[in-house]
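Both of the next two complexes hold chain A, though its partner changes from chain B to chain C.
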Partner chain A sequence: MSAPGVRAGDPGASYDVVVIGAGVQGLSTAYELAKRGVKRIAVLDRSWPGGGASGRNGELIRSIFSSPEWVGLFDLSLRRWHDLSAELEMNVLFSPSGYLVLASTDDQWANCERDHAYHLSEGVDSELLSQADVLKLVPALNRDVVRGGVLQPSGGFAHHDAVNWAYLKAGARRGVEVYCDVTVTGLTTSAGRVTGVRTSRGPIAAGLVLNAAGGHALDVNAWAGITLPMVTSRLEMLVTEPLAPFLRQGLAALALLGYCHQTARGEFVGGTEMHHVDESRSQNSTWDLLADMATKWVTLFPQLSGARLLRHWAGTVTQAADLAPVIGSVPDVDGYLMSCGWVYGFMGAPGASTLLAEEIVTGVPSPILEPFSPRRLVEGRLIAESSLVVPTGEEHP
Partner chain B sequence: MTADRTSEPVRFTFEGRSVEALPGQTLGGALHADGVRILTRSFKYRRPRGYTCGYGACGNCPLTVDGLPGVNACERTVEGGEVVRRERGWPSAGVDVFRLADAAAPLLTAGFQFRLFTKTPWLAHRAEKVMAWVAGAGRRPSAEAAAATRATSHETRTVDVTVVGGGLSGLAAALGAAAEGASVLLVHRGVLGGRSLGRSGSAAGRHRTYGSDREAALALAADVAAHPSIEVLDGTAVATFDGVDLIVVSRRRRIQVSAPAMVVATGSYDVPLSFAGNDKPGVMLASAVRKLMHVERVRPGRRAVVVTENATGYEIADELLAAGVTVSAVVDPDPSARPADLVAALDAAKVPVLAGRPVRVRGLRGARSVVVAGGSGTRRLRADLVVVSRPERPAEELRWQRHYVEAGDTHAPKGAPTAHATDRTVVVGSAAGLPAQTLDDARDAGRRAARAAGAAPRRVDA
Partner chain C sequence: MSARADRRTIVCPCHDVTLHDLKVCWDRGYTHPETLKRATALFMGPCQGKLCAPALDEFLESVGAAPGPDDSPARPTVRPPLYSVRLGELADPDGETA
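Then we have the complex of A and B:
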């Protein structure tokens, strides 16, 4: 497997930082570390860059969440998105065409009103839209499922493959070494400290190991002797053949547990979820979810009826009960950091990687990242965030 | 289902005019007979595209039929009364002003969009809107067409063995499984026999009883149709999923199939050759040319050049001559590697065999000539038909899906798919790679699948 920026040959015997997983978290953090002068960085992946959830997500970007923790992290990330193409010297096709959270019920609408007021108080870009406003913005929507919504005009979506490539190449230019087809099989430890990784190509010593293994993150934690209340689950999406433009914005439909957008080329890309968490490590797609997605999207956009599917895919994530990322170190395990538990990882990567790299280099904890620390799971402090469209195991109203 | 050739020709409307189709003919065949060469335009450069593979694999012939876009012309049998138009191109697929994009190709190389406007995000966003408009796919079904695609029946079917693909090997495997006592569901899109119907000869040793692959396919298809424990579904095998063995769409029926064992008889793809202009209308793959001649009953061109890397190209040259097509030359990088009798037969017909390779196909709206490089420099040969014949590539998508589902993981194993065949998934025919298995092999594979499914020995119920 060769991609621009991926090294041929075997990794070296020792690095300052070894990142497990060449997804968007691992690649962006490696890039941000290199940018801050860290010299010897290796990123290892068992398959190809972006081969997991980083290349299998909904590509959506927003910061209009309902909690200070989420808004803090994702608003920083949103600002990074606006400069990302220029900084990485590649057009990642970031499309700031707006992100609409669609309310279908009175309860959801009340949440939108409350969230919007909060956004204004925090200076977050946000507009409250009535039913008529939403239908004017997206006339293709089925009015029966539109009660209103919150729009973030500066939100939108980007091309996930382009983002992975851009971080990969920008990191490579700064000396980051990325190796693919290298499977990490364990960690080496000494006196409570992680000292390196064992791989299919031999052991590698590391001053610091970063677990950015996405759907495989729990394996890596287990090697470090860390048990956190998290599960691995499967998410699925579909893509239609190109259609005439009918949807400019990124869109989350709370009532459908769904999120979607339309690419510049015309493909409609959307994912939905059921009311249960699909605990699975399989990347095989399922018929039940395909039927669920098709039914919901045709309900939301009646004109999708009869459209042909181009693709249907599944990806895996590791998630905590609050669906918030798990970033940072755990007590009593030195030399080991995690950036996992990502469910909104694509949109969060530019911000989180910036803060995490800064924290690693300066040793000063980031107040924005602190709430997402693994410690919260140990202590049972979950982040209450009500504007997510992923199932939390409970029936939505 | 077999083509009914006794009934009368039918007519359909193509972009405002009436076109005749022979009974059983597809839109692709009828339009070719009518002289329509450009069936669509390529997405970015708007290059003209025409009949290429003949079996719905190349994406060069999607038409809008009765308001439903994306219908492959080569696969849709004309029933009469259809309203058909082409999709891409402005003002039409025949004359497309955006063809100018092709002239700008050096500026619009693959991935050009990732290099544009990196420092000027607002311009990038504006450019994206322009691209969306030019790409202008806009292929949305009409309300009536959408309603007509909606499933009217959701069924489940439980059988011992499902066979995907009703070509020669799939037919033989279905008969083998049934002979072992299994209940069999055979899924095939279109006329049973598949590409075998276009083969008037036979690969050496595949079968002994029949005069040709075509005769064999017709005979086995009749046996299958008459067999009480084989059900034939004319439809598309959509995919295998976690927990669902197979989903089949057959017109307005959706069928969820449970079957302990599957025979993958998905056949193979013709492989194109890389040379300038290899996408122009008139450049066709081997199976497509045979289908036009032997199934569609259409003369594929007036003057042909056959570009070949195997013996099949020589057979096709013979068949073209018999169909009244002038063959300017057979171009082969290594004629000495082919059976001497085939080369001699062309010699006798005064068809030159050139040791060489094609460099470029010329012609604005379709092939008019082909430039060939050989031992004595380059020469230009007139041809409105350029046939490309090369060793085929197995159609292994379903086989891999089955593998991933059985393994519970999508991390790709190395090696050929046949190496991963299990008792529950048996791969037969050209889907298992070349050289093609014999029919006895395929029949035995069907028997194996039946045994893996635990099929009870055949008993006759009153």
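Then we have the complex of A and C:
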């Protein structure tokens, strides 16, 4: 055991569903399947639950994106977030204290105006804020980098460890078997169908295998003979000492490729990206990103100049060129599903797992998930989403 | 030690974590150094773990936890910096990272 709900001993020889990866996608999907009556589910992890990106992310939650695809999925997820603690019977420390997308340039402001109009047309919670509105809301911001913004009052952030543990325990109560320190080393296949997994504790047969392996997802795909245009990349974050409250909202700064919030304990937590994809599987943090983060956060909030940095860390994700998740079945590979390619996976997990489990149990494809299917990468259909603060590897302004 | 004494024994002065907190989390199932860290907030305070590490070592030994690599004490991964440093000293507003 390494967390409450993790089983001791060895996994069984056969399950209806085997999930690879005890991160937030794997644990939430297993929980949603159990909730819908699926009995024999195993979640396997090589390490401890939430040890990859699920425990290393920025914890932010919003649905104010620019594209119908992202808004559809993440708005469902946002609604799930509001009931999650009650449903999972554990406080996941969800703070619906607002999420602000900050524009620093006229171009970004024009995008905010356009996105806000779209939000209104779709009934998505969204407010357009002028420069003065933003500065009134967050007086600590450096006015030189504030042009305006879009606020989602019902967005915010939650505590990622609590979320992982809550899904783990809620799943375990419904019979989901979670095993850690079990390394999946391959897949078993028969006549073009995935029939199970090979592990460090022996083979396990599965009616369905779900690849929720985060930064290791491409290895699992390769075992299934699947090559999709995706890469594994590294993202980095930092946390400061606790500070007097100065930031209630979650915040994404378009000009900085940065996202941040202040925790209930007062720590400022934020990550930034540079204008290239850092293709790496390393979980070591780097000097270049530390300098980038320190420079940008001190620029955005001058008072942070005096704040002490406590920790700096990295996590890995697998990403497609459009940074959108890759969810569902793969053409010509039966018995196998992906919930991979997550870069905004923490905020998306409650919604995506609900829809994916529903799709698995009913066999009816979800119109909200359909745009994110692996097929889009096979066919070269990328989703155009312009409000992200992670580099796509494409040209950036 | 009695539960009363455990409640008065501080193992993490940064976050007021007591020996009792540590035992409760362990008994609930947070039995990996990484999950125990996150459940208690040990190693996450301004001292960077310097004050709680010896107490954690002693606790893990007392409950018979498996040691880390090369028989070193089992501890969470070290995260930089070793000593806390002000963001202003790291910032480079005129550099190419701006």
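Following the convention adopted for this analysis, the second predicted complex is superposed on the first by the 394 of 397 C-alpha atoms of A that agree within 3 Å, B and C clash if a C-alpha of one lies under 4 Å from a C-alpha of the other, contacts with A are read in each partner's own complex, and residues count from 1 in each chain.
Just so it is clear, a residue touches a chain if its C-beta (ideal position, glycine included) is under 8 Å from a C-beta of that chain, and two chains touch if they have at least 3 such contacts.
Quick caveat, the model's predicted, so the values are computed rather than measured.
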item: Partner chain in contact with A:55 - chain B first, chain C second, else both or neither; value: second
item: Touched partner set for A:305, first chain B, second chain C, both or neither; value: both
item: Chain B versus chain C as contact partner of A:295, first or second or both or neither; value: second
item: First, second, both or neither for A:86, with chain B first and chain C second; value: first
item: Touched partner set for A:282, first chain B, second chain C, both or neither; value: first
item: Touched partner set for A:241, first chain B, second chain C, both or neither; value: both
item: Contact residues common to both interfaces of chain A (with chain B and with chain C); value: 241, 285, 288, 290, 305-308, 312
item: In the complex with chain A, residue positions of chain B that touch it; value: 43, 68-70, 113-119, 121, 124-125, 128-129, 131-133, 135-141, 145-150, 239, 241-244, 247, 256, 401, 404-405, 408-411
item: Contact footprint of chain B on chain A as seen in their complex; value: 46-47, 82-83, 85-86, 88-97, 162, 165-166, 241-245, 264-266, 280-288, 290, 303, 305-308, 312
item: Residue ranges of chain C touching chain A (in the complex, touch as defined); value: 28-32, 34-35, 38-39, 44-46, 48, 79-81, 84-88, 90-93, 95, 97-98
item: Residues of chain A defined as touching chain C within the complex; value: 1-6, 48-49, 51, 55, 161, 180, 240-241, 274, 285, 288, 290-292, 294-299, 304-313
